[in-house]
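Working notes for the structure below.
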Amino acid sequence: MSELSAQPLQGDPAARVLVAGASGFTGALAAQIVWNHPRLQLVAATSRSDAGKRLDELYPRYRVPIELTELDLDRLEGINAAIVAYPHGAAAPTVAALRERGILVVDLSADFRLRDRDTYQRWYGEHGAPELFGTGVYGLSEIYRDQLRGAKLVATPGCYPTASVLALAPLAEQGLLGEVFVAAMQGTSGYGRSSDDLVHFSNMTENAFPYRTEGHRHRPEIEQELAALGSPVPVSFVPHLLPLDQGELATCFATLGEPTSKQAVQALYEERYGAEPFVHLLDGPPNLRAVRDTNECHVYVTVEERGRVMAFAAIDNIWKGASSQGVQNLNLMLGLDETEGLL
Amino acid sequence: MSELSAQPLQGDPAARVLVAGASGFTGALAAQIVWNHPRLQLVAATSRSDAGKRLDELYPRYRVPIELTELDLDRLEGINAAIVAYPHGAAAPTVAALRERGILVVDLSADFRLRDRDTYQRWYGEHGAPELFGTGVYGLSEIYRDQLRGAKLVATPGCYPTASVLALAPLAEQGLLGEVFVAAMQGTSGYGRSSDDLVHFSNMTENAFPYRTEGHRHRPEIEQELAALGSPVPVSFVPHLLPLDQGELATCFATLGEPTSKQAVQALYEERYGAEPFVHLLDGPPNLRAVRDTNECHVYVTVEERGRVMAFAAIDNIWKGASSQGVQNLNLMLGLDETEGLL
Amino acid sequence: MSELSAQPLQGDPAARVLVAGASGFTGALAAQIVWNHPRLQLVAATSRSDAGKRLDELYPRYRVPIELTELDLDRLEGINAAIVAYPHGAAAPTVAALRERGILVVDLSADFRLRDRDTYQRWYGEHGAPELFGTGVYGLSEIYRDQLRGAKLVATPGCYPTASVLALAPLAEQGLLGEVFVAAMQGTSGYGRSSDDLVHFSNMTENAFPYRTEGHRHRPEIEQELAALGSPVPVSFVPHLLPLDQGELATCFATLGEPTSKQAVQALYEERYGAEPFVHLLDGPPNLRAVRDTNECHVYVTVEERGRVMAFAAIDNIWKGASSQGVQNLNLMLGLDETEGLL
Amino acid sequence: MSELSAQPLQGDPAARVLVAGASGFTGALAAQIVWNHPRLQLVAATSRSDAGKRLDELYPRYRVPIELTELDLDRLEGINAAIVAYPHGAAAPTVAALRERGILVVDLSADFRLRDRDTYQRWYGEHGAPELFGTGVYGLSEIYRDQLRGAKLVATPGCYPTASVLALAPLAEQGLLGEVFVAAMQGTSGYGRSSDDLVHFSNMTENAFPYRTEGHRHRPEIEQELAALGSPVPVSFVPHLLPLDQGELATCFATLGEPTSKQAVQALYEERYGAEPFVHLLDGPPNLRAVRDTNECHVYVTVEERGRVMAFAAIDNIWKGASSQGVQNLNLMLGLDETEGLL
């Protein structure tokens, strides 16, 4: 395969990377981030539906001048790592095939996020690679940093769990969470490239609405992670679609197991996130423009008069909520600086 | 004063109406609705800042071809009713002066919504007409219809309380509400005409954010009304600004005093709202486009797996959340059909 | 067929109307306008792709509570008039079938707009009902009002020709036009409901672009009409897509056959459009919000320093540029007041 | 003054830079670009209205963590270069004061763009530093590259002239231009930070309109530059405001002095722009998203059937149309690679 790179690599690449599923929103962005990464080399970007087209034709603003090809599992020599941007279900068999060939895999789908088989089956159906089920490391770098170093298969979290868990983790770790209610909001890039009436500009402009009010797949994922942190609490969750492209907000209400002052809660967050390179604790409410096109998560927490916590986290849903978080994971897997190519 | 009317009145007008503060978003809309109303006659629209301009110059889309004048309290002969669209604080003295002259008043400000003086003072400061404090009828027609018939002074509810209370009223009336958490969202028309950096198109496009996270004035109003209905419960409330013009959504989470099935809750709502002309109970989540430029409130309620209620209400914040609800109130005050001029 | 109507008809309906192709943007709007029309009765709205769905499910904001059916040409008894909202090519055979049954037809497609067969064929391909070619009246009411009264088949103009011709007609009629250059702009509703990447909200937000730069089908239509008015001049034309839903602007530059002052040109427009119910001559540049959801065309003309004319026309592309202009035509065909149901 | 820099400078800075007027849209962006520039050091960012605030408070997305100060002309020691982002009129005296102190100046205002005093006076009024009038080099790097190397005072072109002249330069240089008509479009960032009703989100969403139809100040600038290139032709020009933040399109119609084929015209452009680092010649119409947040200019040219040229240029109005073009100029003034800090 050709060896292309946007900027002079600093020495030998740490990995030669394949992006599978590069014609969708998150795959294309992942290809761009790898393309511009000083230690990674993008060697192939594949797409079934758009093979033969150039990526910079489909996404001019990403400026990645390579041709999309069909994935050929028999011609992967020299590839060390892959980012898989397939829909759930379709991802697992490809992930398995790549792992068999010894390739490190960052999966952006939901196939390896859940650790309970029944829960997976209930929300997503049959798993496409049952032998690998549960073997991925959950790729929320701020929580699982140690396990991610040297991991072979990483499941990049869902966008809503990324924002929701980062908004609540400092409390969850202390076992302080009582009941949790999350109203989350996202732009249309979260809906994916596949067009339908819903994301037609004529429908979305001057519009906004909740969706999946009877249960969204990201809720069990949020519950799994809060429980893993020490707070096995029920979560009510409802997402909304907003008339914007990139951006996601998790507005979280929580009751507290024991009364805790605003100062104490904010101190907890400061301590927890003070050293995090991508989580910025604000002293007021976050906004989506400030995190756009970044791997940052902006968090604000307060305790309101009624003694309940309101915690907010803003991310770019296709960056920190998918593709750039995938690269953050890959950096850790490869022993690179976590921030490489992401600042 | 000149006697203008957009369409042939059906017989004598039921009232000759003044709109005070007609150069702001809600005042201008109130003027338009009165202008097109078959039983009301718009006789004056006033503005301090824009006196001398024509209303259809400021708001071409409203097509109300009258000149804005300064309010002259000594020249109100012949006026029977007024809609006052002033900021809180400024509204009360003008309302008092109009009432002294025997004029029916629909106030769109917050000055007469709260019934507890201390609460008013805490959130809004000194009241501008203390002798009238608490004498207004709360103008949520769906709740206070009987008191509104024949009322002389009506306080039109805040936009967020309108949506939030309508979303939760059937449960509040049954005393079923436990804890309540409201994430509300609104377009930039709710921010008013007064410009600042925040509502500059360049700031709002591709943006969204929570605001007033340390306490919004509409929270005590929501609590007052839920208590009045039978549920004196604490409410957590946070509003968000969205990149759209008109539209408001209240996403409400509530725990239930006693376990109640989804079917039972939905039946409660059907019974409560079945006969309401402007509240439409949907069988799925509402969206903002469907209520734009209408006096409607679209409600959806469900009980999620964890046994908690999620209730949603969508309104147009400057219509049902302000101006058209003001006219709905005026219809009731005048003994007209509540829907007159609003369908 | 059921007989439905939104509001009490004023006496017997002037026509019982079918809307064919009511699930697309312009067909759905045509159905709504007929539904609310005091002299028309909407008796059927058909759709191949969405038969069985309710129209107010697809377009809640239109509030037309009828079920879409498949068009059955054998069951059209009682129908007097039809609005056909099919794509060009598909429209002609259906129009022919309806005309055979004696039904008045307003066609919204391009199939009957052009009067030269070769030109039609070059831009649109084979015609689907050659025996009817050229028999329609061109439905620009402001120009062809007399021929429209009593017409049996009317071709509603394209949206760009509507705006462009109205912007230039007063000059064209005087034979004053020299060279003409039109930069036109339109919202995404003009692109139709059929989704593709281009009108995905994520592509259109914060975007704008020219399209069909090598020739748009509306150019020969504009040239045909300017010639018919007395100015057989070449027209350069390029359309742009803007990040908004409804709205269209034609910005027209023209050289003048003989030097004419700004005052003289503006006087010409005043005289020409003074009595038109839907064309409003402004004294400054028009904007799209002011014509949204109306049948109006806002025109401004000036002569700039270099002696050339700049003429602007703003319309709502799916109202005056399609559906409401179709009803304006139907009013004329039926001998009704031209403005009935459109103010 | 403190010495701050976002990233390790590559050796000594080529200049220590002041940005004057850094609280407006273009000044803030200029500060960000300098901040991230590997060879420039941002030593001060000044603002009269916002002194004392941090720049990353006003513009979080720019991430420039410095405090705005008031400009003190007596404390400029160590500063080698300045970018002045003042309104026209106010800029000239400050530019003069900076030049007196030997500081290189890139002016973003109109004060030094025009070379004819009468024309300046007619469109802008009295000049604030008449002794310097006409001494600036016109900072369209693609045209004046040689003069910019080593220049002391550079006038960065207006945004519309940047796009319009780049769209037409290859023809102008050949003396091929006949008559020129430009319909230009821009987002709200071009309107500047100063808020008024016009750029309120509630006014701009779902809106678009031409403005300054009786003459825009950028027209004489376009004519000046086309004449300087060899085509002293009259230009008709009208700008439009679009509902987006950053982005500008110049749609140019031109008659040709002698008939020239599409192939010949496109070949001319290829030759002219083939080696330009920031001008990309496309083989189809440009779009605004593709140039957002870049110093690029995307150009497409075609000859339509009537023998007239249509030429399109898309830029980001506050990048290539102002701030990043200013840095491109500064790179040339300092003898740096023109693309430094801009790719």
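Note that the chains take the letters A, B, C and D in the order they are written out, and that residue 1 is the start of every chain.
Keep this in mind: a residue touches a chain if its C-beta (ideal position, glycine included) is under 8 Å from a C-beta of that chain, and two chains touch if they have at least 3 such contacts.
Keep in mind that this is a model prediction, so the values were computed, not measured.
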Connected chain clusters in the absence of chain B: one piece
More contacts between chains, B-D or B-C: B-D
Geometric centre distance via CA averages, chain C-chain B, whole Å: 37
Distance from the mean Cα position of chain D to that of chain C, given in whole angstrom: 40
Inter-centroid spacing, chain D versus chain B (mean Cα positions, whole Å): 46
Interface hub residues of chain C, defined as touching at least two other chains: 187, 205-206, 243-246, 287, 289, 292
In the complex, chain C residues that touch chain B: 60-61, 205-206, 287, 289-290, 292
Sites on chain C touched by chain D in the complex: 179, 181, 183, 185, 187, 203, 205-211, 213-215, 234-236, 238, 240, 242-247, 249, 251, 253, 255, 284-289, 292, 300, 302, 304-306, 308, 310, 312, 314
Touching residues on chain C, where the partner in the complex is chain A: 25, 187-189, 193, 195-197, 199-202, 204-206, 243-246
